[in-house]
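Residue numbering begins at 1 within each chain, and the chains themselves are lettered A, B, C, D, E and F in the order written.
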Amino acid sequence: MHPKVKEVGEKIRSMEIRGAGRIARAAAEAIKMCALDYQGDLEGFRECLKEAKNYLISTRPTAVSLKNAIYYILMRTDVRSLEEAKRSAARAADEFIRNSEMALERIGKYGAERIPDGSTVMTHCNSSAALSAILTAHDQGKKIEVIATETRPWRQGYITAKVLAKEGIPVTLIVDSAVRHFMKEVDVVAVGADTIASNGAVINKIGTSQMALAAHEARVPFLVMAETYKFSPETVIGKLVVIEERSPKEIVDPEELPGVRIRNPVFDATPPEYVDAIVTEKGVISPYLAYEIIKEEFGAWIERWWK
Amino acid sequence: MHPKVKEVGEKIRSMEIRGAGRIARAAAEAIKMCALDYQGDLEGFRECLKEAKNYLISTRPTAVSLKNAIYYILMRTDVRSLEEAKRSAARAADEFIRNSEMALERIGKYGAERIPDGSTVMTHCNSSAALSAILTAHDQGKKIEVIATETRPWRQGYITAKVLAKEGIPVTLIVDSAVRHFMKEVDVVAVGADTIASNGAVINKIGTSQMALAAHEARVPFLVMAETYKFSPETVIGKLVVIEERSPKEIVDPEELPGVRIRNPVFDATPPEYVDAIVTEKGVISPYLAYEIIKEEFGAWIERWWK
Amino acid sequence: MHPKVKEVGEKIRSMEIRGAGRIARAAAEAIKMCALDYQGDLEGFRECLKEAKNYLISTRPTAVSLKNAIYYILMRTDVRSLEEAKRSAARAADEFIRNSEMALERIGKYGAERIPDGSTVMTHCNSSAALSAILTAHDQGKKIEVIATETRPWRQGYITAKVLAKEGIPVTLIVDSAVRHFMKEVDVVAVGADTIASNGAVINKIGTSQMALAAHEARVPFLVMAETYKFSPETVIGKLVVIEERSPKEIVDPEELPGVRIRNPVFDATPPEYVDAIVTEKGVISPYLAYEIIKEEFGAWIERWWK
Amino acid sequence: MHPKVKEVGEKIRSMEIRGAGRIARAAAEAIKMCALDYQGDLEGFRECLKEAKNYLISTRPTAVSLKNAIYYILMRTDVRSLEEAKRSAARAADEFIRNSEMALERIGKYGAERIPDGSTVMTHCNSSAALSAILTAHDQGKKIEVIATETRPWRQGYITAKVLAKEGIPVTLIVDSAVRHFMKEVDVVAVGADTIASNGAVINKIGTSQMALAAHEARVPFLVMAETYKFSPETVIGKLVVIEERSPKEIVDPEELPGVRIRNPVFDATPPEYVDAIVTEKGVISPYLAYEIIKEEFGAWIERWWK
Amino acid sequence: MHPKVKEVGEKIRSMEIRGAGRIARAAAEAIKMCALDYQGDLEGFRECLKEAKNYLISTRPTAVSLKNAIYYILMRTDVRSLEEAKRSAARAADEFIRNSEMALERIGKYGAERIPDGSTVMTHCNSSAALSAILTAHDQGKKIEVIATETRPWRQGYITAKVLAKEGIPVTLIVDSAVRHFMKEVDVVAVGADTIASNGAVINKIGTSQMALAAHEARVPFLVMAETYKFSPETVIGKLVVIEERSPKEIVDPEELPGVRIRNPVFDATPPEYVDAIVTEKGVISPYLAYEIIKEEFGAWIERWWK
Amino acid sequence: MHPKVKEVGEKIRSMEIRGAGRIARAAAEAIKMCALDYQGDLEGFRECLKEAKNYLISTRPTAVSLKNAIYYILMRTDVRSLEEAKRSAARAADEFIRNSEMALERIGKYGAERIPDGSTVMTHCNSSAALSAILTAHDQGKKIEVIATETRPWRQGYITAKVLAKEGIPVTLIVDSAVRHFMKEVDVVAVGADTIASNGAVINKIGTSQMALAAHEARVPFLVMAETYKFSPETVIGKLVVIEERSPKEIVDPEELPGVRIRNPVFDATPPEYVDAIVTEKGVISPYLAYEIIKEEFGAWIERWWK
């Protein structure tokens, strides 16, 4: 296997590379390298890419953005000649990466419009897309404040809080249990997404669904910021999104609590009725339109599955 | 001041003695000592008790159980003669302590009836009353499982988990963010209370209200276990329960997060519509009956305030 | 055992005597006979009544009204002398029966006030108390219509429909599945109750809770008509009401459906938030006041249990 | 008839005297005069009071406070001798008036506790009790703002706005349609009541129920301020509160809109689930406790009706 | 008229052929026969098909699938020459039938993904599409249980129960009133559909909407399995779906209940907010996307109506 | 500037021309005149139209229909030659006007289908589209009644009431506060819209959102009648719809209420979950499909913004 593929795969597996967007772009880059450096015949090229695909997907099998990135390239690889195949694969990889970056920027811009001047934003975990919107609103001169949750067990809220504090945005850190208590001071919630299912359900960091529930109870708008490559085409054909569950050690050393079972699911599912809008690079949509976005972006694959 | 009063006050202030029940009983014990050891005239006796009262209340001014314990004794102290005053104060203190212990036992028994065989119970923090019900149900031979939250920032959930594991009850520990995710596996929620307001609102450990909200959403019965001395007579005359806010250091060393404000409220308020029943030593009631319980238990004080 | 006790017990067991009110009154009558005909000493009298009590309760162990009727008498039996014991038991039995009849009449009167002229009432099964209100409203000259459910498996709705049709009240019969469909034509729902729990939950004929849910969804007032002897004192100390489950044969001959399990619970539990008011002979109350009614009616027993 | 009774009755009928409290106190005063000035025998005295009662009630037959005031006096009139009858009637009238004034003051005090410093209060129409709470909170030095509705057709909101502006409280006037739009800026709603029914429903100025609904939707606490003489004992026995409907001319000259029917109901009914608490002079209660308050205050009458 | 058309029409009218799918396929088959056997000129051919269309639709005028099947063929009949017309009509009929069968298979496959291993599925009536999903899940080796309702008045639940029992799937039969009572044991609800309206409302067997309501209350996913030919294009232009009402005799012999009106609506309407997803052969969609599906499938007709 | 443009602009600014539809058509007409009368070169033509566009938009900057009308024409103006430019601009203007009129007619027709015979319709303010549906239903011979709100501060409800009364439709006028009170007599609500946002939110006359809330509470279908040119393309890229706030004098002369702030927002936002369907000239859709409608109608502009 190409060393870049190997390296990227290892880093994804070990969480050195993490976050739906970063994983996707790193995989695209690896596939590109793999394609450009290939020496051999066309048949071998196809095998080689297939191997890279399978390997990379195996390093984080539940990551939708990873699959979407790789298939984006493979679907656009023109295998009529080796030269064209290499060129088209590289072009598609570059395109995916560029699109993904542009998407982040656009989501920031559209999302910032939804954060009124003088408002308090609550966020969870450490989402690039949600931060993009908050920082853009701040850059536009809006006076905003942020409430960030600690986000146990990894405490990614500390990263979020530091980034915001550095930019001069007043930020308050709270424990995850205090979400409903502080909801009455919040004007809008902005979170990211790991995966969007075809019926509009949002899979994101554990705790997102109860933040959405508390926002809904208090009628605070709940916005999800998500690039279209986070929409899952497989959910169209009924697949349920698998919720990754990780080691209990991330919470506490199990030896401290003998006889106690510790469970550590990483994500949870927020039903679409608690999501006011999803901000994508294609505009602000109702979550109920997820199927349409998937059809537009991934329709070709789905039709292939149907055959 | 009597050294016992001093000592107990110090321990309450420093959190060495904590938990609504333990605080109340310790204060009652201290007042009793103070009364029995008193040397002097009747006038001085009254002064002495008043001083003890004021000092003890000052050590945790928002703790309703503390106030209720002390006033329970003072209301029953017959000051017609010194001897009678000492005797009646001691008797009232003993009575309060005994009642409080019997209450815990009865709540355990009544609450256990509400935990069906084969069920999974979710609990939060480390409540004696909720544990009493769970352990009683276990002792009755019911096969039950418990899901306990970590309860940041203090992680009292670890204590709860250990106690249950020791008794052989299967217990699963989760982070506070995972409450809604696991709610679908829960048959009944059982938590304690710090204070019950006259309109039925339940003030308890931060995170209780979002657990109640998630239980309500999923139609899982949400039970609060609370002795009647946790009902707040002052709320009858409109007083709002003050939510104690403690040092940010309990969450994280603020120097790690320069420029970030950290907020650490200890309790939150659960509205009565999310509470299916309150289990008291006087029986299982609707939260909406809180005013009646208060009138019955503390009517004499309230009438005094009205004059 | 007294032949009357035996006879009544048999009829209750075989469902010849059924309906919470009829069972209660029959049992009271039997106890009265048993007491009046007793020959022997006082000790034997107590044994005899105890035996009758245990036997009668065993014929329908989940029927609250049965227990309440019997204990009503026993609590009022003055055992200081045999003569007084016989007299007081008979008097209490008569009193219970008379009260129960007066209660039905009063509930009819109060309930009728809640049925406006020109309205359509939906009812379920065949409740004497609900019928009492409907017929009283009709007798007052109000023009009302009734929608009655079939009430599978026993189809008691046919009896209800016949009674109403005979009185000249326009009545429409529907299958149980059509409740929500017709709810938009309904102005008020009136049903009976088998048992009221201390937190206000209403246990009544299977199907009641989904009728309440559909009424709640459409904001149609949902009224429960219930004599106070249907309130369960045991629920105050945490007991859950046991839902009786009867033979599958009442639904279909199981041999017709080999390999299919058939379940036939007789009652279900309606949460208090779906009940707008309970009409009792003591007035129209919120369901959340159930504990108060129980305390008032059965306080003496509960206090005995607490000792 | 006594000229005072005549005069007061006329003023009530013509709306010169209006507002539940003012009506009640004026009627009490008239009954007192009528009693004190009476010349004749005891039998005539009873007739005279009965006549006054019937006449006064007829001037505003749906006003609960009017009936409650009159019956308060009649129930306390000791007719064993003429002298005692006159004295006791006058005493009861004075007592009623004094209680009613004290009630207003206490409700102001308890209600003010529920208005936090820095909060924005929404109110409807022109309620003495709600104003008492707002003004008391202001007098306590709390910085509060008020949003007052216009309250068509009479525009009593203008009176409310003027009273508040005069006291230096920032007040914003909005049209009745804008209630939900502004709800997101509101911290607490405080309104009065005309009548409280035994199941906790609140009858108040038309528009109250949709303000309660919008508050409930946004989880803004909705407080009703009501003296206990506004609780309706007749609702205990099933009577529905009659919603007064007044002349269309109060809205617009019907000749301007030929062929258009104009309806002008004065009150509407707010269900108890939208009311967070009722502030009475007996304390802050859940609306579900209305029956208890009625039993306590008017139990004697109800028992009489039952006989 | 062609004898096949006559025969199929008769069978549809008499309910010998029933179920949305079977009706549609039978009608397609009849139209095909009618076209192939036609002798005459082109003009006559068109008349002949039109007559067949009108006759068939008249046999069950509210059946959307029937209309959709017939129009599917007519829209694809190329009337430029008789030969081509016959061929294209036959081809379109075959295509419709084949598509409809493939749709059932695909819905089974996608729907099965939504039935997790170890889960309990509730279903209503006897839906081919819902059964397809349940049986596919079973064939995949998942251990599932089913709760089937009796489905009065026809008791189609017995057929469902027998089919499942035969396949070795544990199945429990309950009366329609017991739906809410058993909902707490259910993991997912799967039902079919008769018609889907353009705003996402689901018209299906009477009782479906209250099952959806109870599922929604308990947060149990409610899945509708529906082929796209069940989506109603006429609802796009505002037509309301007509709810068929059938003979009272299906419930009970009216002579048994003299004076009682018996109503027997066959379907009811479930609002889209209670439907978590519709599983179609085009994938799993939110009900709110119904309009898009209709536009895609039937856009040509709608545009024709607009002209 | 062209005098017609000037004149129309003035009339829009002064509210002489008002209502989303009339504004849009008047602006289209003005642009058409401006184009046809133009004398000069092509470059000047473009400048001239741009100037007209900017001027017209400035007269009511928050009116979406105004912008949509103007851009509709500009996007279709073929500037390859002056002649073609004039011709195409005029043609597009005519087309817009014709479409807008046809849209009103179609919405009337589709909307009328949703108003069943014998039903009572509630409406707010004075919407051409809602009236079109009501009058069409009436013309179809349906017996309907209407409840119209006064609609403070302008009382446009009087116009609505007059129009309906003139047509012989029974109409009842109520104050805005009475909406919830009368909702129980209503079968369907039909209102217009000023703007539809991309996530389905409906911006319409102040008071619409609380009417929607009350309809939702009572499960009364809430229908919005809106031409597609009222859908806002800018909301796709995150823009929030600006709620116009007008002079307090429209409510009351501020001098009458010294010290009182008067706020007069003209519109409010109704969340999509309270809207059962939007009736457009393209059919009856779920509000959640707004983004799809916008993409179809205005996709070209949005793509331009994305570049």
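As a working rule, contacts are C-beta pairs under 8 Å (C-beta built on N, C-alpha and C of every residue); 3 or more make two chains touch, one makes a residue touch a chain.
If you're wondering where the values come from, they're calculated on a predicted model, not measured in any experiment.
Listing every chain that touches chain A and chain D alike gives B, F. Fewest steps needed to get from chain A to chain C, stepping only to touching chains, is 2. Note that among the pairs C-D, D-F or A-D, D-F reproduces the A-B interface, with over half of its contact pairs the same by residue number.
In this structure chain A contacts its sequence twin chain E using mostly different residue numbers, the overlap staying below half.
Annotation: 42 Å between the Cα-based centres of chain C and chain E. If each chain is reduced to the centroid of its CA atoms, chain A and chain F end up 38 Å from each other.
Chain E has its Cα centroid 57 Å from the Cα centroid of chain D. Listed for chain F are residues 217, 273, 286, 288-289, 292, each touching two or more other chains.
Two chains count as a pair here when they touch; such pairs are A-B, A-D, A-E, A-F, B-C, B-D, B-E, C-D, C-E, C-F, D-F, E-F. Of all residues in chain A, only 106, 109-114, 116, 273, 276-277, 279, 283-286, 288-289, 292 touch chain F in the complex they form.
Listed in rising order, the residues of chain B touching chain E in the complex are 184, 217-219. Here chain C touches chain B in the complex through residues 198-200, 235-240, 271-273, 286, 288-292, 302, 306, going by the rule given at the top. Touching chain C in their complex are the following residues of chain E: 149-153, 158, 161-162, 165-166, 170-182, 205-207, 209-210, 213-214, 217, 243, 251-252, 256-265, 268.
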